[in-house]
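Chain naming follows the written order as A, B and C, and within any one chain the residues start at number 1.
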Amino acid sequence: SDGGPKFISANGKRSLEINGRLQLDASNTSGSRFDSRNIGGTQARRLQFGVSGQLSERIGYKMEYDLSSNDISMRDAYVSSDFKFGEHDATLYVGNKYDDRTMDGATSSNNTWFMERGFVNEALGPERGSYGLGIKGKVFGDSRTWHTSLAITNGRLGGDTDRSDSTTYMTRSHWNPWTSGSDMVHLGAWGFHENIHESDTSATQNTRAADGFNDNVTINSRPIRDPESSNAYGFELATSLGPFAAAAEYGKRSIQQRDSAGGDDVRYDAYSVQAGYFLTGENHGYSRKSGVWRLPEVKDPVSAGGWGAFELATRYQALDFDGTSDYPRGDGHSTTVGLNWYPNDWSRVMFNYIHWNTHNRSGDYEGKDDGDTLATRLQVVF
Amino acid sequence: SDGGPKFISANGKRSLEINGRLQLDASNTSGSRFDSRNIGGTQARRLQFGVSGQLSERIGYKMEYDLSSNDISMRDAYVSSDFKFGEHDATLYVGNKYDDRTMDGATSSNNTWFMERGFVNEALGPERGSYGLGIKGKVFGDSRTWHTSLAITNGRLGGDTDRSDSTTYMTRSHWNPWTSGSDMVHLGAWGFHENIHESDTSATQNTRAADGFNDNVTINSRPIRDPESSNAYGFELATSLGPFAAAAEYGKRSIQQRDSAGGDDVRYDAYSVQAGYFLTGENHGYSRKSGVWRLPEVKDPVSAGGWGAFELATRYQALDFDGTSDYPRGDGHSTTVGLNWYPNDWSRVMFNYIHWNTHNRSGDYEGKDDGDTLATRLQVVF
Amino acid sequence: SDGGPKFISANGKRSLEINGRLQLDASNTSGSRFDSRNIGGTQARRLQFGVSGQLSERIGYKMEYDLSSNDISMRDAYVSSDFKFGEHDATLYVGNKYDDRTMDGATSSNNTWFMERGFVNEALGPERGSYGLGIKGKVFGDSRTWHTSLAITNGRLGGDTDRSDSTTYMTRSHWNPWTSGSDMVHLGAWGFHENIHESDTSATQNTRAADGFNDNVTINSRPIRDPESSNAYGFELATSLGPFAAAAEYGKRSIQQRDSAGGDDVRYDAYSVQAGYFLTGENHGYSRKSGVWRLPEVKDPVSAGGWGAFELATRYQALDFDGTSDYPRGDGHSTTVGLNWYPNDWSRVMFNYIHWNTHNRSGDYEGKDDGDTLATRLQVVF
């Protein structure tokens, strides 16, 4: 399904793949009370390049980076090993690896239904970001109807090495209680606990509410000084029935302040519901192995003289940060309508219309505000 | 003509190429009145690495970056589509793409006759630099004797996304009124208009007059506060006759200040004339399709026991920034004599002797100055 | 011996290889008097990616970079040419190239016996770092029992180009007075002289004494203002006898201050002795051509149902910076015990236990201190 070449050694055990993705966005926002939120422009959302491969039947590796900011940002960089955990297939990863956290988040950015992942994933992450350096194990059900993962990470790639780092424990599991052909019901849950190192003197999780371009349309969280630890959990519910699919997620996070700084805490939660329908009859691609969305198999690709696949999708989501008298709460919600065109299995054109509402009680862009963002993306995977 | 491998899928429609270029320079300057201009050293002028390919018969992509500063700098990063525009071949590019601006500028740095491009290209660019993020269309004449391009770009890759960005409209065309075998006459013209975003609070275009190493030998432009827009245009004239070729370029740019800042403007122009001769009889490579210089086809490469190709080239160029009583004008000119050795079609050794004159009426290195720069480059393309 | 694919053109003269290395470390330190030295964590020590190849029978190139800091750091980036120097094989390199300095330093980080190179290499480098931009020649003995190299470099890749740069002359030679099968005795010597540019206003060479992670366990050198030049030399002695091998290195460096700043100078020296033994009977890999350590040929690799190779190694090393009454001296020493497991020829797991002593008479972490560091590495080469 990707266009990069794969090189395989004579004995078939060694391989190397070259992969990349280009996501080129244009965005325009209007209707806000604030001029500086009514902005537009273009952006390379992702320019990823990477190599991955197998060094033997069981040992693999991956090294991938993003260049979209005109600078390097490492993505996955790990060594993996397939093995048997009891009777189950399992994989162990050592290195830098993307989180298995929320269904929307665990889904590749090539395959999410909307241009940007939802609030549950974006707002409920650990302080180290969405990549952690450490080890992760994944166990897969024989029947390919469940998986569970556990990661223990210590800081991030390129972090300081003049101090110890924050440690994060993260887990996610999914189960398909019912499947029939490509139809299915998905249940999932995830959680993490992190011990935040004392060198992290403030935690805040301002979250973009419009799209990936507009940095000014954010729902602002209350900053918390001297955070000590944080806990989060969430639930996933999804189904795919022929060309129709729907998903709902809920998550909650708390951040505890050090006693020495007051012992305060922040709590906030987010949820989303979304539905999609393929006008051209395709199923929503889904991996039963890992419990994530995949690309559809295009029935009538442009290369065969067809029109490709068209998908309509809509999402409602809300995020609610708590507050105190010092720094009152912020909340917001957004409704997205999306039209996705898949000319074939390696390209996608996306149109997202987002009506967003933010209500920040302090900080920038205070007060009730709402607006409309129209965004489009050209995505090519090689 | 490049040494990178090309991988082609079984059906012949998908391909991926790996490409790179190394340009390793040494430079020494003497004769200036200012000690800090009489410097020398080595530099990796370009260390480019990239992948490009076709995903189908008509859809291609490219992703390329430069590492010579010991940091990443993105070059081309686009998706392209070949199509028919009326009866003409055409290509549409979406993403980050190098300017089609001046004949010298549109020519690859692998193929320019001198180590550095001329003043017309270097001094007359838009505020966003030589790469823009947006869309570009190119239409090619059936007879391959003309092309025209139009690009609309919005800022640059990795630019800020908390504001709208400068928009640039750029076009270039060329026409070959006469061709005979590899001989030809080339006429060309280009222009751009840019709406400069108010966050760009100053425009200046100090231009290196010696070579790519020496940062101190510059012709200084008058800085203009709060620029609002800029316009530029230029003309190209070139011919190739057997082993002889010549080219001339002229260009002019104006920058308008916002009325609120005074409504002033800056104007400046530059020109160059250059001639080249292959001592070993080769023609100057030229693309009739795009109106740019290419590498020669070496008649007697070193690998076949020959001496490769030798080219003598010379260029005179001048640049003249206007001034005001506050910040008086700066101007300068330079004469370059170059000897290029092409052992084969993937390598080149260049020697450039530059006698330069700068006359900055304000800022650093004020007053009349002149000096001599000797520079050499080893270039390998894979 | 590496897992990256190699592409060879139809005529067999052109090739391109893709290579990478992942070194993933975990580290923990305890026992220091200073809390901030008793830290632990994980780190990607190296994430290298590169391409190299031949453009003809004699002309090659290499371009390699490291991504472990979540940023780019260029490594080798050069064009090379094989030729005959009298009757001897020789290679000329133009570009950015890693130093041929100390036996431990010239050995690839994939092949060193311990996770970090020794004090002789780490503390006795030139001001420009371990990579220089310039030219290097290597001549190899016909009998493959000696080599000698000479490099002249001018600054580093990405250095400033508004001034001249430091010039460094560096040489290294080795000789095998006795060889028998894979057994050998190695004698080596190296030295360098550098003219430090006046823009380098201070020279200091604080050296990590525990491992590559812990930035706080350092032996501090006296900073010297306005350094003018520096000289260094060192000697190497090594032997490999069946599964046993041993090596010793000594080196000394002096830095001269400009007369205008006082004409002071700094002197310091370092030495190391190390021994290794393959419990599984392998020889220590060694290149007679270049006088460096290589990986062992694993007798019974895991892929063939075996246990791989196991190596025990130990090293004692000491470093001694001189001082003055203003900034008193610093010294330290460390003992390392290492266990290396080589499952096959492209992977390695390392365990290093280091007991270190530092005695800095000024600056951070003043006074006698000692502690224990336990570190482990997973290394995969593709």
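FYI, a contact is a pair of C-beta atoms (placed from the backbone, for glycine too) under 8 Å apart; a residue touches a chain by one contact, two chains touch by 3 or more.
From a predicted model like this one, the values you see are computed outputs, not experimental measurements.
With rounding to the nearest 5, the Cα superposition of chain B on chain C corresponds to a rotation angle of 120 degrees.
Interface residue usage between chain A and chain C, two copies of one sequence, is largely distinct: under half of the residue numbers at the contact are used by both copies. In whole angstrom, the spacing between the mean C-alpha positions of chain A and chain C is 40. The multi-chain contact residues of chain C, meaning those touching 2 or more other chains, are 18, 71-72. For chain B in complex with chain C, the residues that touch the partner chain are 3-5, 18, 20, 22, 24, 26, 36, 39-44, 47, 49, 67-72, 213-216, 303, 344, 346-347, 378, 380, 382.
Contact residues of chain A toward chain C in the complex are 7, 9, 14, 16, 18, 51, 53, 55-56, 59, 61, 63, 65, 71-74, 77-79, 94-96, 133-134, 153-165.
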